[in-house]
Structure formats: C-alpha cells, structure tokens
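Next come two complexes, and both contain chain A; in the first it sits with chain B, in the second with chain C.
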Partner chain A sequence: MDYTFHWRPVIKALPDLFSAALITLEAAVLSMIVGIIIGLILAMMRLYGNRPMYFFATVWVELARNTPALLQLFFFGFGLGAFGWHLSPFMIVLCGLAFNNAGYLAENFRGGFQAIPKPQYNAARCLGMSASQTYTRIIIPQVFKLVYYPMTNQMVWAVLMSSLGMLVGFRELSGATQFLASNTFRLFEFFLVAAVFYYVLVKLILLVAHLISRKLFTY
Partner chain B sequence: MIELKNVDKSFDQLKVLKGIDLTVQKGEVLSVIGASGSGKSTMLYCINALEKIQGGNIIVDGVDVHAPSTNVNQLRQKIGMVFQQWNSFPHLSVLDNVALAPRIVLGKTKREAREIAEKHLKHVGLGDKLDTYPTRMSGGQQQRLAIARALAMEPGYMLFDEVTSALDPELVGEVLDTLRLLREDGMTMIVVTHEINFARDVSDRIAFFHQGVIEELAPAKALVNNPQRTRTQQFLSKVL
Partner chain C sequence: MSETASTIQFFTGFSLNDLPFLAEAAGNTLLISVISISIGSVFGCLFGWALYASKYARIFLGSILDVFRSVPLIIQLLLFFNFFPILGFPLEPFAAGCIVLIVYTSALVAQVARGGIEAVPEPMRRASRSLGMSYFQDMRYVVWPIGARAMLPAWTGVALGVLKDSALVSVLGYLELLRASQILITRTQEPFIILAIVGAFYFALSYPIGKLTAKLEQRWQYD
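Showing the complex of A and B:
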C-alpha cells in the first residue's frame, strides 16, 4: 500500500465537522417534521379524499417513492431555478427531503390507518366525539404507535439522504467534508471520519427514538 | 322516549329493516331477539345514526335522528352504546378510557372527569383497575369498561349490541350482572341479545325479529313462555 494516512488536517477540522453534523441533524429533523405533517395529510387524502385529492396524493407518493432522491433534490434546486425561483441550498435540501419523507411516510400512515379497526371509530363517535376529535384523540395516536418504527427508519434515511445536499452546494456534513478535504487533499481520511460521524449520529437518533417510545407507548 | 316509525333500511339491494314500528318508553327495558341477520343490530346502529335509513323516522326525545339539521354529536351524548366487540381504546388507561369523552365532549374539567370516571368504574366493579391498560384485562372486564365508558356520558338511553356474544362462557355472567344493575338504576335500555333467559328475567318486553320485521312483540315472560306466532315458537324451540 503506497498511501500514507495524514490525520492532522482532519483533527484540526473536527470542530467544523461537528458543526456540519449538527446542520445535517437540523435538516433531517425539520424535513421529518414537515414530512410527517404532509404525509398524514396525503394518507388521509388517499383514504378519504375526493377524486382530485386522491389523484394529487397518489402522484406525490408515486414520484417520491419511484424516482431517485437526487433527482427530487435537483428539481427543487435546478428545476425551480430554471423558472427563476432560486431557493437557498438549505431550502432545496429541506424541500427535497420533506418531499421524499412525505411520500414514504404517507404509505406507512395509510397502512396504519387501515390497521385500526372501524369499530374504534364507531365507539368514539357513539360517545358524542366529533370526527376530528375521533381522529386526533383515538385514531391517530394508535396509528403513530403502529408506524413508529417505520418512522424512525425514515428519520435515519433522512440523515443519510441529506448527504446528497453536497451536490446542490449545501454545507452539511458531506458538503463540509468535501470542502475541507479538497482544501487539504486528504479526501479518504476526511470521509472516513465523516462516516464515523454519520454512524454515531444515527445510533444516537435510534437511542433517543427508543427512549421516547418507552415513555410514549406504555401499553 | 325512542320512537321508530315505519323505518326502512337497506344495504344496496338487501332490505334489512322493513317498516319497523316500535316505541320504547323512558325507564323501559326492551330486549330484541332473533336469528343472525334478522336486522336487530342494524336497528341499534340506525337509532344513533351510525347507519343511515332509507325510509321512515326515528325520534329520540322529540328529535328526528336522521333529519339533516340534527346535530348527531349532541344526540349521541344521550344514547350510550356498547358493542359485541368491546372496543376499548388500547392507548388509554382504564381511567382515561372513561374520562376522555366527558372532558372533551361535555367540557368537564380534568378533575371532574376523573371523579365521574371513578364513580362509574367503581359501579361496574373496576374500581381497582384505574391505571391498568385495557389490553391487560379479560374480555368481561373490558366489556364492563365499555359500559362504564358509555355511562360516564350520563345518557338517557343505553343500546346493547350482543354484548356477551364474544365473551368466554365463564365471563358472560359478570356482564349480565352489570346489566341487571343498570335495570335496578332505572336505565332505559334496548338489549339485542341471544341470552333468552336473561331477556325474560330482566326486560319488560321482548321483540322477536324475523327477516327485517318485528314478528312478535310482547311482555317478556309472555313471549318466552307462551309465544303466539309459529316463527317465534320455532326460534325459541331451537335456542332454549
């Protein structure tokens, strides 16, 4: 092997990598929050909406699930840019990830809704609850338990997908790594350390998700 | 008072209720018996507007249940219903199962709702289960929970849809005892049931349903001991 490892530039850049990791986390978390809200709406459109709603939600889900995430990101970057609508790199990544998350989560939620027995709905309505009370108090809390683990998967996926942000000029963990590495030409070392950052970040998220689930789902 | 006037109900081509006329007075206990598919349960679903009707009227305390202007959420507060499958809310504790609706529907405070829930849970013998989750209880306990949950809305009427049919035989007794308790409290009830002896002992009148019509309606003991119609006689001879 004729490659000599040089770790000093990487160690010097650790604080920068750390703050870039936080940006990655921020983008992933925000895109998940938006994705969950839109995903819920899409799922309900597909289940209970009229024809145009069903069509709209179906197109969204199909595109999000069956095209590369990179192309989805490019759409919000270069696609909208071509029409003179220029988003910041952060917004491009946020929109792209939220679009993708919403599509995948919508299908999870749809399955979750279908798994809740219809009599649960009747029982709540019989107590005088309105349709919206029934959904917010009875149905959706149960759906969340069913889709909780698929949802944490999607969260992990969002963290890893956000690395595509480097291709639209976003300085998240991968973008920053690429930038710092190209200054010092220690590409391999930098990306190795970035991989460790990703790994630890994902493990932390899974740990937190597990702790939250223990608190939330006592039944 | 619950009044059904010439009620028709069909699922697509299938006519399930054909011109049902029935009046249940305040304080009365009416049992409804008949073969599966005779329309007994469907009638209950129509009374609190879980199902639409195609003809006739259903009037509860002077309110036309199926009129477009009727607020069904308000109406259902007066009519408690318990199902064959108890449908406890698995994500809520036993106490919250009962306290939720008084809080969010009737606007009671958390403390008031808790007191109401405790009172009704004690009444059905679940006073020691407040913080348990329903999934850890037997079917009989969950069914009594469902009864307490309906009672917490302090309804004027209770509808029971084959509430013992899904229970293991040894658990049927505790639920029937709870229904007897309600009878003593003076609750107005319509009880769809296959427990003929229970119906005879506890109800004022029994209606025998056959293929979507009320074949015979009579005081409970008379209908069971001395049925007038051939179909009633045939049905009773099969189930007794």
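Showing the complex of A and C:
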C-alpha cells in the first residue's frame, strides 16, 4: 500500500463541509414540509376524492414509489427542460425530494386515516364539531401519532436522498464534497469525512425526533 | 432557411435502433440487482439471526450495519470504489457496485429478518423444543416457515428498493439503465421521452411485484 493519506486539505475544508451539511439539512427539511402537505392532500384524495382525484393521486403515489429517486431528480432536472422549464439545482432537488416524499407519506397517511375508527368521527360531529374541527382536533392528531415513526424514517431518507443532488449540480454535502475532492484529488479522505457527516446528521435527526416524541406523546 | 447538403447534424433523434442499447442496459440493471439482492438476502438472514441470538452481535454487528443504513448509498459506492486503488488493485465498476449493494442489502435485510424471527411466538418455539426438536430443527421447520411469511412484505420492499437504488451504480461508470439513458440524452437531446421509457421499465418491474406481494400478504392473513 503506497498511498499516503493527506488530511490537511480536508481539515481546511471543514467549514465549507459544515455549511454544505446545513444546506443538505435545509433541502431535506423543506422537502419534508412540502411532502407532508402534498402527502396529506394525496391521502385525502385517495380516501374521499371522486374518480379523477383518486386516479391523479394514485398515479402520483405509484410513480413516486416505483421509480428510482435519481430518475425522478433527472426528470425534474432534464425532463422538464424539454418543455422549456429550467429549474435551478436547488429547485430540482427540492421538487424531486418533495415528489418522492409526498408519494411515500401519502401511503402512510392513508394507513393512518384508515386506522382511526369511524365512530370517533361520528361522535365528534354529534358533539357539534364541524367537519374541519373534527379533522384538525380529533382525527389528524391521532393520525400524526400513528405516522410519526414512518415520518421520521422518511426524514432520514430525505437526507440520504438529497445526496443525489450532486448528480444534478447541487452543492449540498455530497456535491460540495465532490467539488472539493476534485480540487485536491483527495477523494477518499473527503468522502470518508462526508460519510461521517451524514452519519452524525442522521443520528442527530433520530435523537431530535425521539426527544420530540417524548414531549408530544406522553399522555 | 433551407437545409443544404453541407449542414452538419450534431444530434440525431431517438430511433428504434436505440432500443437494443437500452435493452442491454436494462439487462445489466437486472443482473446487478438480482445478484446483490439474492446474495445480500442470504447474508442479511444470517446477520438477522445473529442479531436475534446474541447480545454481542447486537452491539457490534448491529452498530456496523447501522452505518450502512445511515450513509447515502452514493457515498458508500464512491468510497468503496476509491478505496481499492489505495490497496493497489482497482476494481471493476460492476464488482465494486455488486459488493456495495450486497452489503447494503444485507444491512437492510438483517433488520427485516430479525423482525421475522421475533414474529414467531415464543410458546410455539418452546413447544417445538419440548417435542424433541434440536435448535436447528426448530429454526428450519418452525421459525423459518412462519418468519419468512412475516418478513415477506418488508423483504419485498427492501428488494424493490435495491432494484431502484441500483441506478446509483451509474456514478461508477457501470452501464446500467440510467447511465444508458444519460448517454442517449446526450446524443439525442430528447430527455423527456428517454426518461419516460426508462421510468416505464422500472415501473413495469417494480409495480407488479409490489402488488403481488400485497395480495399474498392479504391472503396469508386468513390462513
């Protein structure tokens, strides 16, 4: 083995990597927020919508779940270019991840909604709550508790999937790592440090999720 | 503007002649996925068993496997691919991709397999041991049939996930479906149709398997 490890360029680049990790986190969190909103709407459409709505939501969910995430990113990146829509790398990653998250979360939400007994809805309406009150105060909090764990998982997936951004030119943790690594030719060292960053990031997310769940679900 | 004979065409459109190229790439995708899913599942089941059986395995093996689930696959691929030249013998993209996907699959399947073994009720196992079965007979004739059914849906999810994630091996230069699509896009400048064809291929593979598993799962619930 005649390879000398050079860690100095990596140490010098640590602040850059750190800010890149923040961009990764930002993209993941934003895509999760958008994904949760769209996922809720899709789940509602599949459960209560009329035929065209059901069809639309089903197509979205099945497409998101049955094609590679990288293909979805390419689709937003290059495919939309065929129609003259040119998104920035950040928007490509955000749209791709949100599309994917929404598809997976919609299935989780649908399962959650189906797990809530129907009489609860009737009881809430009997007590004089309006439909929207019933949903925001009775149904959705319970669904939220049921889908909390899958949602944490999805958040971790979103962080991991955001690494695909490096293939569409987005300068998040992997993209920045690749950029810095090709500047200095220290590929192995840089990617090893990036792996450590991802590991810590994922563990931090799981820890925070655990703390939040202890705070929220103590009743 | 009339087209003269001296006009140079930089791009040629997507044509039927490109389909064999795509088909070959699709075959490569299938090859690498089938190899890594089958070998990875065997290792995953063994790891899952170890995780279930031993406390030390849970601490050491568990935390090692955890790393493979917490680091993006693309980073794993690049790290591994760049690690072997350091040792002095560079690997083919196919071999590197296979090894990383096998380890990745086994890390995911290990959790599933452990859950499958835990799904077998404890009294059932005590009963089988009381009837004079050895530990391995108990594993083979009682735990495996029941646990395999319990873990099938989750395992299919993992397998389909690996099939889709095999697209990432393209970054190492292995000519699989997504890389083939990139090459074609560069030549034809028609990204939409090519990405749609490639997406349809993945969909046609993944969707029926997912649906079939859901059906099987439903049927087994009443057995």
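The criterion applied here is as follows: the second predicted complex is superposed on the first by the 219 of 219 C-alpha atoms of A that agree within 3 Å, B and C clash if a C-alpha of one lies under 4 Å from a C-alpha of the other, contacts with A are read in each partner's own complex, and residues count from 1 in each chain.
We adopt the following convention: a residue touches a chain if its C-beta (ideal position, glycine included) is under 8 Å from a C-beta of that chain, and two chains touch if they have at least 3 such contacts.
All values reported here derive from a predicted model rather than from experimental measurement.
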item	value
Contacts of A:203 with chain B and chain C, given as first, second, both or neither	second
Which of chain B and chain C A:141 touches, first, second, both or neither	first
First (chain B), second (chain C), both or neither touched by A:188	second
Touched partner set for A:55, first chain B, second chain C, both or neither	neither
First (chain B), second (chain C), both or neither touched by A:166	second
Residue contacts with chain A in the superposition, chain B compared against chain C	C
First (chain B), second (chain C), both or neither touched by A:67	second
Touching partner for A:218 - first (chain B), second (chain C), both, neither	first
Touched partner set for A:126, first chain B, second chain C, both or neither	first
In the complex, chain A residues that touch chain C	1-3, 62-63, 65-71, 74-75, 78-79, 81-83, 156, 160-161, 163-164, 166-167, 174, 187-188, 191-192, 194-195, 198-199, 202-203
Contact set on chain B toward chain A in their complex	48, 50, 73-74, 76-77, 79-81, 83, 85, 87, 89-91, 100-101, 104-106, 133, 135, 146, 149-150, 153
In the complex with chain A, residue positions of chain C that touch it	67, 70-76, 78-79, 82-83, 85-88, 160, 164-165, 167-168, 170-171, 178, 181-182, 185, 190-192, 195-196, 198-199, 202-203, 206-207, 210
Residue ranges of chain A in contact with chain B within the complex	117, 119-120, 122-130, 133, 137-138, 141-142, 145, 217-219
